[in-house]
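Structures are listed in the sections that come next.
The two complexes that follow have chain A in common; it is paired with chain B in the first and with chain C in the second.
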Partner chain A sequence: MNRSILAGLIQLVVTAVVAAAVVLIVLIPFALLQPAPLAVLTSFLIGPLDSVRHIGNIAEVATPIALTGLAATVIFRSGLFNLGTEGGFFLGGLAATAAVLLLPLPGFAAPLLAVAIGAAVGSLACIVPGYLRIRHDASEMVTSLVLNYAILFAGIFVLNYVLRDPAAGAMMSYRIPAEARLERLLPGTRLNSGAIIAVVACLAAGVWLFMTRPGLNLRIIGASPGFATHLGLPAGRIVMAAQVAGGLIAGMAGAIEVLGLYPRFSWTQLPGLGWTGIVVAILARENPFLVLPAALFLGYLQVGGNILSQEVGIPTEVVGLITAAIMLTVTASAIFQNPKLLRLIRRFRRAEVQPS
Partner chain B sequence: MTSMLELLTDPALFATVLRVMTPLLLAALGVLISDRAGVFNIGMEGMMLSGALSGVLVSAWIGSAWLGLLAAVLLCAAIGALMAIIVNKLGAHLIITGIALNLAASAATTLGLFFATGDKGMSGSLKSGVLPSIRLPVIDQIPVLGTLLSGHHVLTYLALLAVPVVSLLVWRTPFGLHLRAVGVDAKSAAAAGIRVARVQMLALMLSGVFGGLAGAYLSMGYVSWFAQNMTAGRGFIAIAVEVMGAASAWGTLAAAVVIAIAETLAITMQSLGLPNELMQMIPYVVPIVVLTFWASRRRALARIAQLS
Partner chain C sequence: MRDAGPDIADEVPAVAFNGVSKTYPNGTVALSDVSFAIRKGSIHAVCGENGAGKSTLMKILFGLLEPTAGAVLLDGRPVATGAADFAGQHGMGMVHQHFSLIPTLTVTENIILGHEPRKGLVIDRAKAKQLVRTLSQQYDLSVDPDAVTGRLSVAAQQKVEILKALSRDTRILILDEPTAVLSPPEIEELFHRLRDLRDRGMTIIFISHKLNEVRALAESVTVLRGGQLAGTSKLADVPDDAIMQMVMGRAVEVARRVPAQAAGPAVLVVENVSTDARNAADRIKEISLTLRAGEIVGVAGVEGSGQRGLVSVLSGLMKPVSGRIIFNGHDMTVADRLTWRRAGLANLPADRFGQGGAPALSLVENGIAGTDGDEELQRGPFLRRNAIAARVRGMIADYSVRNPGIHERLDSLSGGNAQKLIAARELATRPKFLIADEPTRGIDVAAAAFLHRRLDEVARSGSAILLVTADLDELLRLSDRVIVLFAGRIAAEFRNGAELTPDRLGPFMLGLKAAS
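Showing the complex of A and B:
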């Protein structure tokens, strides 16, 4: 086996081991509080894999966070800490709902057009902070944080005054027509054709980032803006393009989530899947090819948490704790820049250069 | 229009501005201290949430609102210390640590509430304490001034007092000098013999103290219960307030007043029949406009300085 691939795999293996350790460390205290600790662990760890339905659920949960993770990946690669994916996700879902309810979309193309409209409108959440940063030097992190909430309230306004179904009791939109919904792939789950879009998008983005010239330019700018300027790259335009692309993906994710899962639009809080996307991007080390496994792993944790809350009565929020701990350990340079680990990797590389 | 005028000249309006301003000002001062030390605390939202829950739980448990406040402050200072260890010892990314803290706090407070009350949404079943409002002894007697200045929440006065204290701490004390040195250039500060990690840990702990106060105000002053994710983005507005105030204590006070007035107008105009949701946007849109204005002015000034 090729030793340089092996060397690259070491980081992955360490990441997996660290993630597994975090899951156990967070989960065991909660398990010990219950009468049957072992049952807690098995239903959390084995439960998500014990039936086709549960595996379908994992893919269903992984679909939106793979896309928001991809959005965060593209944006982070440009070197900006634009946190607008959360707002973009919300706005994309809302705009797609508005499109199918208000516009006379042709039946067969309705889902596709609605997703496209959702993506376009949702991208504003990332474009505005990006523009204000590039054009006016305003901190994209701060503006995107508060813009997310401005978008939330604007969205609730539209929901309440334009889309709301007065007959529905709670605040929710009119019913989304069946022909505008995304196709379900697996009976018994809500896995839909959006999952296919997510897989294709991640693979395409990986090819774009690592095998094309624009992708290379983006990586150069993110890694070293000074070097990019000396090369004569149009930094502003490339960074802006990344914000637009990330925003489009985040908006698309929201549109797919609403049209794929829900009969009506009813978000009156930020759904939080944009934040989870940031975790996915970090876990995938901002590599689009690794976004899918990272999203599936977090989906597996979420389904495990859901099973836990149904069977044992531990709230599914435990997963939030695990996710936060994974975020910290996976970015910890004490683990991943550890001299011992780096030496091990170097030894593998050297062994390849000088075959003994 | 007359009703609008009546509303705007109502002394209760002033009280509302102070009520809305208090948590923002406290939290923003906390962000300021961390920012000055180069460890921008984006986890303020999570700290406030933890402070709000611990205040309610401990005060219901022990029966003293003041001990609840103390618990909130101590817990958030401990969270600040933990953040510093994670960033400086474990080497995790600062901003990601803050985001993780927000995620963890949202999850942990929900779990904590659930295990304490059996309810994931609200702490209504707990008999938690409320911190008192204070009547100022002499000023209380003066006709107009008395109603304006006296009778506000104890943490409101504390927040206003904290502005000069933080300003003095940052600009007029040896610790403040170290704080700013570390924030401007950590490596040079270390070379000059300042213990960077220790200063940053103290800064984040102080930041936590303010986060705890802000959180306790929300659940033991603004309202008298804890609700899931009750901070509702206030920690993020506080960050925007601190940046609007250009990381100075008095500037932060000015920015907090502006945002509080915007939010109060939003609350008042709701009663005039304007759409509630659009009004709620205002405190989130104002920082974006002000920040952009400041930043582009700074850039223009820098360009002029370069030309001359």
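Showing the complex of A and C:
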């Protein structure tokens, strides 16, 4: 087990190096247009690490994507490609906001209860596609993708007609009461107690996946459905449990994001952090222990990009371009290292050379 | 002499294999020095057991594989293999056993796929449909060009597959076990069409297991065995038993297991069980069978005779449509897999890496999979690392599994060692009933002998074993009784003994004889 984690870590480092190379290739032409090209590179690469505040920013950015990455990891391990984590994230944030605004939650427990409610409601985004797949064999990829948008528009409806503060200029909810907000951990950043939850959740999920019987059974089902059938594992039930767990984590991530960072709920588009979570999961090779470093790495890139746009004057579009290029490289190289994909390739090769 | 008809000796054969050999990069010798010729405008059958080299030979003919030595001559000329669309250029078409059709496309679309008539940038649909009409009239194979392929019956889909194979000025048509998916009247119809094609000058290569069909259709036959040419001859010159001899090989005297003194009580009672399945391999009809404790019952039959259906029904993977299954006194007719396993079933599946284990998981994980609730291995939900490692090390030592480390992946083991580990896991449960499905296929002799000894021991300790195998040596070595499946039915049942030889089983396996 330790060896496999080490191997995973090595591959993570390789991926990070490849990504850094891509960054340089994209960034250098823009850097050369600036008066001090070298400063651009150092701001991007060293900047995120040069102060406690910036490091705190990295952790802040990493918190939601670690959780959505974990959600995607749990779901992918069951062998389903359920993309409901994005909708679950959105729904979790909305439900947590609605809970603190509409329900009489006791002050001291308000954040915890609101996060729990957000998790429970958000999990529906993963449960429904999972159920349709298991019961009716509907492609979970299609249903979850479509459901994400249904959830978005239903959410905007609720925001507009139930939670909207008419006094606020734009479409946003009433102010989230201060006692319902998550505790801030580091002055000057928005790093909040959600980060602790993310770390604990990833470690607990790693232990559960690799060191318990239910975790083993889930991995068997995801890795080799035929073997699971042979063993008589109740595949439907276990796969469903993974969708529920993944959905809960995604919903929790959304709730933590809203209660930890924002004064009001104002998402009128899918926030995209569920998608980023999928990149994190692929990068972490669907290993909860590696989700944390993977999320921190993406957080580091993001903070570097922010520094560029704020301090060096590289336009945000370029930063967006860099982030996209990195996502592409990271995903591609992680996919090439992905055991499932490699197995697929090997199967084709074997089919070619094997006599029958 | 010329006027009397074409003389084989004078004529240039449509296809000639000249000393064709094929060794795969992993060292497997699939074909060695195979030479035979096929007369133009004839139907030539190719027979042989699974793994005899038929598929490899056809792939070489089709240009999909390069022979290691030797050459293929088409119309007397050697051809360079390896070119893209090799088969199309040389007028060869193949009807695959598992159709190569795309179910959601129409018949026309399937037939023109890969060589679409074009009008500028788009497909000329009118011309395409006309092409299909012409083809189906020309060869008298009627199909609706606009039908969605997946909605057609299997026999109609096969017609589409044949038309597709014929759609490119085809001179040589290869059919790989075309009758496996058809009912008897449909087979008759197919044979009629094939004879018709032959009379129009088509050369047809017909791959089959079934001797009666070969005799009904073909003019000559080539038999492959273990990658070598076992014989090639005009069918008129060889009697059935000679062909059978060629397919099965010489009867080797095998050392048989000494059966237990007295069979124990009945463990498994199967009464008139039938399944309703599309695929012949899953279809069984009115099977009745009793397995006693300490007994090994061997199941013989050519592949696809219902073995898979029998195994599935007796292990909770498929529900029969009629009949009753009593296991250990309980009615298990509709029980699911977990119920069967809890009741004492163990299973060595034929698909080792697909069902027997998870190739991407470690030896440890594969070794303890399915032991849910074993107090020795887990405390609450938590797995006990050390206890598990000790258990798996014990299994590896007992079964002498050669391994690079217990935390390495299962697919880092050779097939034989992986099968030993799977056997160690399955037999650790002290099963009352064991299904061994092709337990030693493709694994080395030493590992196979080891597994044979284990199966013998397990039977001696009181388990009932159902041994499904295409390897007749293995069957005769281990079984106390042998049943022969043909077309989903028990064609014959024998008590094993010195007088039971492959020659006696052969006619039943090939459907030449049926139970009286």
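By definition in this document, the second predicted complex is superposed on the first by the 298 of 356 C-alpha atoms of A that agree within 3 Å, B and C clash if a C-alpha of one lies under 4 Å from a C-alpha of the other, contacts with A are read in each partner's own complex, and residues count from 1 in each chain.
Throughout what follows, contacts are C-beta pairs under 8 Å (C-beta built on N, C-alpha and C of every residue); 3 or more make two chains touch, one makes a residue touch a chain.
Remember, it's a predicted structure, so these values are computed and weren't measured experimentally.
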First, second, both or neither for A:219, with chain B first and chain C second: second
First, second, both or neither for A:310, with chain B first and chain C second: neither
Touching partner for A:328 - first (chain B), second (chain C), both, neither: first
First, second, both or neither for A:211, with chain B first and chain C second: second
Which of chain B and chain C A:143 touches, first, second, both or neither: first
Which superposed partner A:230 touches (first chain B, second chain C, both, neither): second
Chain A: partner with more touched residues, chain B or chain C: B
Contact residues common to both interfaces of chain A (with chain B and with chain C): none
Chain C contact footprint on chain A (complex, rising order): 1, 3-4, 211-214, 216-217, 219-220, 223-224, 226-227, 229-234, 339-340, 343, 353-356
Chain A-facing residues of chain B, complex: 42, 86, 89-93, 95-97, 99-104, 106-108, 110-111, 114, 120, 229, 233, 236-237, 239-240, 243, 275, 277-278, 280-281, 284-285, 287-288, 291-292, 294-296, 298-299
List of chain A residues in touch with chain B within their complex: 81, 83, 128, 132, 135-139, 141-143, 145-150, 153-154, 156-157, 160-161, 269, 275, 278-279, 282, 315, 317-321, 323-325, 327-329, 331-335, 337
Residue ranges of chain C in contact with chain A within the complex: 22, 24-26, 28, 30, 50-51, 53, 55-56, 316-317, 336-341, 347, 349, 351, 354-361, 365, 368-370, 372, 378, 381-383, 385, 407
